[in-house]
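In the two assemblies presented below, subunit A is common to both, partnered first by subunit B and then by subunit C.
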Partner chain A sequence: MGLGAVVAFVGLLFVLGWLAGKTGGGEVAGDGVDEQAGSITLAYPFEPPQLDSTRATDVSSSFVLGHVMEGLLRLDEHGAIAPGVAERWEIDPHQAVFHLRATALWSDGKPVTAQDFVFGWRKVVDPATASEYAFIMYAVKNAEAISKGEMPPDTLGVRALDDHTLQVEFQQPVAYFDKLATFKTYYPIRQDFYESRSGRYGADAEDLVFNGPFTLARWVHGARLRFEKNQTYWNRDTIRLNAVDIPYITTDSAAVMNLYKDDKVAMVGASLGLDPEQLKEVLVQRWPMERFNEGAIFFLEFNHRDGRLTENLHLRKAIQLVFDPGELVNQVIKLPGYLPGQSLFPVWLRGADGLFRQEYPASPPKLDVAAAREHLELARKELGLETWPPISLLCDDRPLTSRITEYLQARLKEELGLEVRIDRQIFKQRLAKMTAGEFDIVMAGWSPDFDDPMTFGDLFASWNLNNRGRYEGAELDRQVRIAMGSLDPKTRMDAFGKVQSLLIDEAVIVPMYERGQVFVRNPQLQGVVRRVVGTDPDFTHAYLGSP
Partner chain B sequence: MTDATVTNAAGFEPVHVDRQVQKLTRPSLSYWQDAWRRLKANRRAFISLYIVIGLLLFTVVGPWVWTVDPSTQDLDQVSKAPGSDRRAFVAEPYQPWEGVRATVPEGAASTAPPANFKTVGSTTTQAVRLTWDPVAGASGYRIYRNIYRPTAGGALGLPLGDVLSPEQVSFEDRLDLEPMTYFYAVLTLDRFGAVMSPPTSLEVNVVRVITPAQAVERGLVASVADVKVGDELKLALHPFGTDYLGRDLLARLMTGARVSLLIGIFAPLFYVLLGIAYGSAAGFMGGRADSALMRFADFVVALPFLLFMILFKIAFGIGPGESGIFPMLVALVLLSWPSTARLVRGQILQIREEGYIGASRLLGARTGYLVMRHMIPNTMGVILVTLTFAIPSAIFTEAFLSFIGMGVAPPTPSWGSMCNEGIRTMLTTPHELIFPAVMISITVLAFNLLGDGLRDAFDARMRSRE
Partner chain C sequence: MLRYILKRLLHGLITVWFIATATFIAMHAVPGDPLSGEKAMTPEIRRNLEAKYGLDKPVVEQYRIFLVNMAKGDFGISYTQQNREVNDIIREGFPVSATLGILAVVFAALGGILLGALTATYRNRLPDVVIMFLVILGISVPSFVFAALGQLALVKINAWTGFTLFPVAGWGTVMHMVVPSLVLGLGTMAYLTRLMRSSMLEVTNTDYVRTARSKGLPPARIFLKHQLRNAILPVVTVLGPAIAAITTGGFVVELVFAIPGLGRYFVQAVQQLDYTVIMGTTVFYGAFLVLMVIVVDIVYGLIDPRVRLKA
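Showing the complex of A and B:
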């Protein structure tokens, strides 16, 4: 092959590359931040499976629905309850009345009425919908019975007194209904539109009608999402972005990093956060970084079912005592967004007056190998074992997980001589094995559904189906019931404080870390709100300006 | 009267033998000697042979020489490249810090940065403790850490954390501290968590420390009494560096080589033997039996390897977290023999028709003798070549399966699984990927070149050629 052939070959490559660039994509994606058009471009890891708010469960659905829909109430930029479709509301222990604003319109110009909420909420609890989030409606009268098929959906305790007045009856007194009313499952659905889509409601951008600050202008499955400012939104004058374009739907964090370098996207780590390896790259690039506590807590959950080794309290105590969450976060995970886990209740939760964890400080056990060995010896005698059989540790298959599990495996081997078998499964399979109880220890986590300690507090109640280790504690159940049945913040928080220490004393779980994120944002893009609960990240109040 | 003849040595004379006729111009060479001579002449192949021997020594003798446990985690030296600084000072064990609380001054909210930003106590890899003066009107503080000297308005580096109460004027950094110079920055936050002031920054030199107990645990000193606070020690040596959990890379490469070479040598050995038996049977019998046997071999070729690997894993009851090496071996042996069988059958078919076989048969040789004396030795070259080419492909298969998580179970390393772990940190700590990847490449290349050399050496047509 002579020089000519080489030149020809390279030339051919260039021509092919140019052609690919011309034909690929179809639409040209804009710059990360376009001040003239008032638009931003982003990358997002996943697209929503569908956008019917009654059946939406995942984070990406929350993200999209939070921008294009609005419930009775919403969260403002500081996370406080703010008026949404309802301009006024009265909540007493037994019922709530919401007064809807007359200016609230759907994107096709029709008014948002109380009947739209009644229709949407009945759909959620209708057994035919099989919504995974039906339980979040259980605060409303008869909701549980309806979702179990014992009563018809029209007996749900919600009524449209007139077009603009909605009355909600409670099953039992709820202390946090205003917070629930901001949740996506409580969004309205318009009956005539829903029925006109013949079962395809929420499947595509055309199969939705919007009442939020943005509309979903384009949705190319697997490729692109585009929000545009909703011109019929009642509060449209406060919305300063004209468009949020998401032409990159990818989990490839390195690709997103390169896009940010070329100024093609406005944020890196907008949903999943940066990897430990990317942090160094960002440091070298000298981009400003931000930190965000996601609100989720991760812990080792023991299997408390009969016949499992981990049913033994001393064994659980031994494992609890050889493990230092501080070392795990600082030496193994090495991400500044993460916090060492000390309790089931994360640091951001609000208590009676201030933060819950400041009112009820957690007292996690100190690392104590000698005491752990004593507990292990006691456990061995109680169980009548000569030698310890291997213990299975169930976990998911994310890269960080293998780091953590191998660290734990070595800790337990070195300090206690316990052999740990790591059972790595994909997310769904891990969930299935957790539910079936096929584990000794599982690396589990919990993300909050609403901004109240109850979202964590009832997790280990004996009746909660998400209590996958099947822990049963009479005292813990009693405290959860106290918190459920009371409206007094002090009484409730006291009960949660007791739940917190019971979980540590009984070694029901071993808290590992609170998950956080580090992300990079174009300094021109301001007013982006990161939320622990609900729409995250939230661009409703975002604007473009010089930093 | 006796007619006696005197006989003695002098009466004899040896018959003259003309040795000139028998004189050879070159010494006689057996087939093997000739092959060996030609292999030696092939420099690439010969170097490869030395590399292969070296690898075997590395795997077998290595762990006797380098006796570091491959699963011990040295969290003082995580992801360290070879030749990193190993100095450490002995210090008291880490004690939790209460922090510093101060009364917030009354008055209007100030947008001034926190004053008097300084460290408390010594700044070590255990912890860096920072404190500053409270600021009126602040509701919290945010702390950053950078590896570069901050410029005005520039990036502040890693956001370490927020302090959520104005009275708490301290922060303890324990996050992955390295012995180097850091630039910390602190700024104030308003009640909504928005930044209220410009940052104050501080340069901090961090020294690596180790507690006496840790020093004993890591085997640096014999007992706690041997060291006192302030002594300088050298941390454990890791010639090839460490991985993401501070495990010694050299020890892991040696252990990993065991798995790789175990699969790489035993699997081909077994399936080549199986292939020889099957192929020679088919070739020798010929006719319908041959057809039937070879169609079955074709059928085996069509079976998907990965699927069988998974099926065997289940069939052998290999639970989660247990090593998948045995099913991998079985799957390789059961599914890879047909290529050898085909090759051997082809050779046997050819040799069967050779004149010397006919001659041997005429002289009364039996089948067993024919196969063992004439046929197998004549196919030996082909067989050895197949074997040397099969080894790198088996090593590669093992590496691939461990890479996708089907092979060894943690904490046992293999070169493939080490690559899988190393690829995630390719940009920041490339040595974690480079070492196992280079080992795989060298091994595969060496076996391939050796195979090439053997093929040339055993090629009968090249015999006696220079």
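Showing the complex of A and C:
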């Protein structure tokens, strides 16, 4: 019996080893930083749902696609527009012409041509693709009509004049088409390859062909992503890392911290930032931290629908006047990297020449409890109420959120005597209630798609579907239309400046905070770029060196 | 015997159908919408997506289509991983969870039987007291605590010894499996220890053990042949459901150790209302559990000659 059991156990171990190799990708992960191999190892919280650029929506897809694909233009390390597949371009109010470089190749050696862009873009607006980001192509002529099924996809305003010249006609003048051209939805797709995958394009690494700085060498679902330097990339001489290996896919930040301590990963908090527990550890270890403004703004959004209490301007004003974002960030949130929210437009946005918020400073009202109570009394009379019914606050179920809602609840109770009923919902249910308008106040947020104030500016236009509080303001709509119809930077920024003031004066929303994060990086790993829009973190021009 | 198995399988099928139907109803009753995202969709884009997933059809029709496809073993395409079939997700994720689970069950069963026998033999003496204290810890402390502690211990050990025998996280070799599966099996091991202890105590006082002892058989032989074999029966009973529970319940351990098992898809699917993945994984897990229970009943008949399998 003894011998038999030992033999059985050893046999079992062999079977398990074989199974592990079969299922997990087989290779053993390397160290966080491997100078000899010129490679780094990372952990990442999610894997992309899929990598067909026409249908990609989330940050993990942006992260991977941004390393393995390249659009007409790209963003340099300072976030400025730089040449990508296109080496030259001309944009006027009606059209754009891109001149593609002859040296741009796919990873199988075939040239990247203008037809690849035409094919990819038509796929985006084709109703059969059901792309959630089709709207971002509405700048191109007929895109919206095609997406609605009113016109065939080949009527899209994009043409290959020859293999290396792409002409784009606009639906209406657009001031930031160069920025759109860096976006993932605008990446090229090669028709012959796409069709050879029979509906599986982007599902696995072998169902993709690459034209970016790296190739996706391995993709084991849920287990591993590995980028390797693309030997056919036109600008390969500037790419210094040979490989970026991601053998750990987990949202557990404690696990990633343990891996960092064990020298198995080169960064902690590289995507979601460190949470408070890990932050303590970093402080104890005295590791140098880096801060990063994620670019997103979070705010209290009022429900402006008929019959809601919050439709009343004086009630909204009263709440606005007792809310202090500075106190919220410094006393309640207490996480480095966060900024008090003062405007819908975050601090990093560019304006006409410099930063938008320096050109158009936001002037939120100062904390004023006496004035708030006056507004509240006016609101009560206007609404014809004896006493205030409870106000519902819809929010998500993250731990940080409950700290914020408790603070809000206490503020409104103490200063205004208002009862706040907190309605905590998980992701999908919160969205359903937001869309249906089942709230008085909702804790909402917005992250940018591109680096132009428009990505925030039209959010509360009456026609915007993301305007979940259904605010309707004729003047705000007018300003947004001015910004949309103009190419003059000054005119556009003036309009956004007015939108910013209107949102404060009308108390459409109450800004809470701009989300930031803290991360830790192995000092040997340098040249990592964190971005508010696009590929983040960006390892394209990262390198290994002594700190 | 064959008739018995067939009959059990038929009952199992009905159970699985019931699980599927209940899940389908519950899933559609949950407020929220599988297609919604943080950014709103234009009505035309929404229509395009609804048509793609057949959500534009009435729910009864969707149920009928689901049943027909399920009978063919096709659960459709995931909502969140838009061009992967649910079958692919199960095919890739389940072997990982199962491997981890099998090893955990091996640990749990060996440990539980051994420790249980030990405590019964040393009843009310020091080994019994110490082990039973640990057992209570094992039952009451949730697995995510053990997972975090286990991982932290690995970091310390690796830093101290200067080389990595057991990796902190990840998947790919046998070494990756040892600590996660120990952690995963710990709760079951504690439970089995307690079960084994009480059934062992029961057996010790039976007539046939006393007879064996009075015949002068060597203690080792009494232990293996007469006590263990009889005492192990209740343990085998719970082993089936335990295998299913461990292979399907490893979500937390998979998360902490970054293991690409099916557990995370199962949990994420519910959070994301990924209809096809919810149905696929629930039906699959349900079927697996039912099958395990049947297997145990058959094994029971083999171990215990008193049990006859009759239809």
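Note that in this section the second predicted complex is superposed on the first by the 521 of 547 C-alpha atoms of A that agree within 3 Å, B and C clash if a C-alpha of one lies under 4 Å from a C-alpha of the other, contacts with A are read in each partner's own complex, and residues count from 1 in each chain.
Here, a residue touches a chain if its C-beta (ideal position, glycine included) is under 8 Å from a C-beta of that chain, and two chains touch if they have at least 3 such contacts.
Since this is a predicted model, take the numbers as computed values, not measurements.
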{"item": "Touched partner set for A:N330, first subunit B, second subunit C, both or neither", "value": "first"}
{"item": "Touching partner for A:T238 - first (subunit B), second (subunit C), both, neither", "value": "neither"}
{"item": "First (subunit B), second (subunit C), both or neither touched by A:A432", "value": "second"}
{"item": "Contacts of A:A130 with subunit B and subunit C, given as first, second, both or neither", "value": "second"}
{"item": "First, second, both or neither for A:L279, with subunit B first and subunit C second", "value": "first"}
{"item": "In the superposition, subunit B vs subunit C on subunit A residues touched", "value": "C"}
{"item": "Partner chain in contact with A:Q172 - subunit B first, subunit C second, else both or neither", "value": "neither"}
{"item": "Contacts of A:E406 with subunit B and subunit C, given as first, second, both or neither", "value": "first"}
{"item": "Subunit B versus subunit C as contact partner of A:E290, first or second or both or neither", "value": "first"}
{"item": "Touching residues on subunit A, where the partner in the complex is subunit C", "value": "1, 12-13, 16-17, 19-29, 43, 49-50, 52, 55, 57, 127-132, 134-135, 147-149, 199-203, 220-224, 247-252, 254-255, 258-259, 261-262, 264, 426-429, 431-433, 435, 464-466, 468"}
{"item": "Residues of subunit C that touch subunit A when the two form their complex", "value": "30-34, 36-42, 44-45, 48-49, 51-52, 78, 80-84, 89, 92-93, 95-96, 99, 102-103, 106, 148, 151-152, 154-155, 158-159, 164, 167-174, 176-177, 224, 255-261, 264-265, 271-273"}
{"item": "Residues of subunit A touching subunit B in the complex", "value": "77-78, 275, 277, 279-281, 283, 286-291, 326-327, 329-332, 334, 336, 339, 347, 355, 358, 390, 392-394, 397, 399, 402-403, 405-407, 409-410, 413-414, 420-425, 518"}
{"item": "Subunit B residues touching subunit A - in the complex, by the definition given at the top", "value": "71-73, 75, 78, 146-148, 154-162, 164-165, 174-176, 192-193, 244-245, 319-322, 405, 409-411, 421, 424-428"}
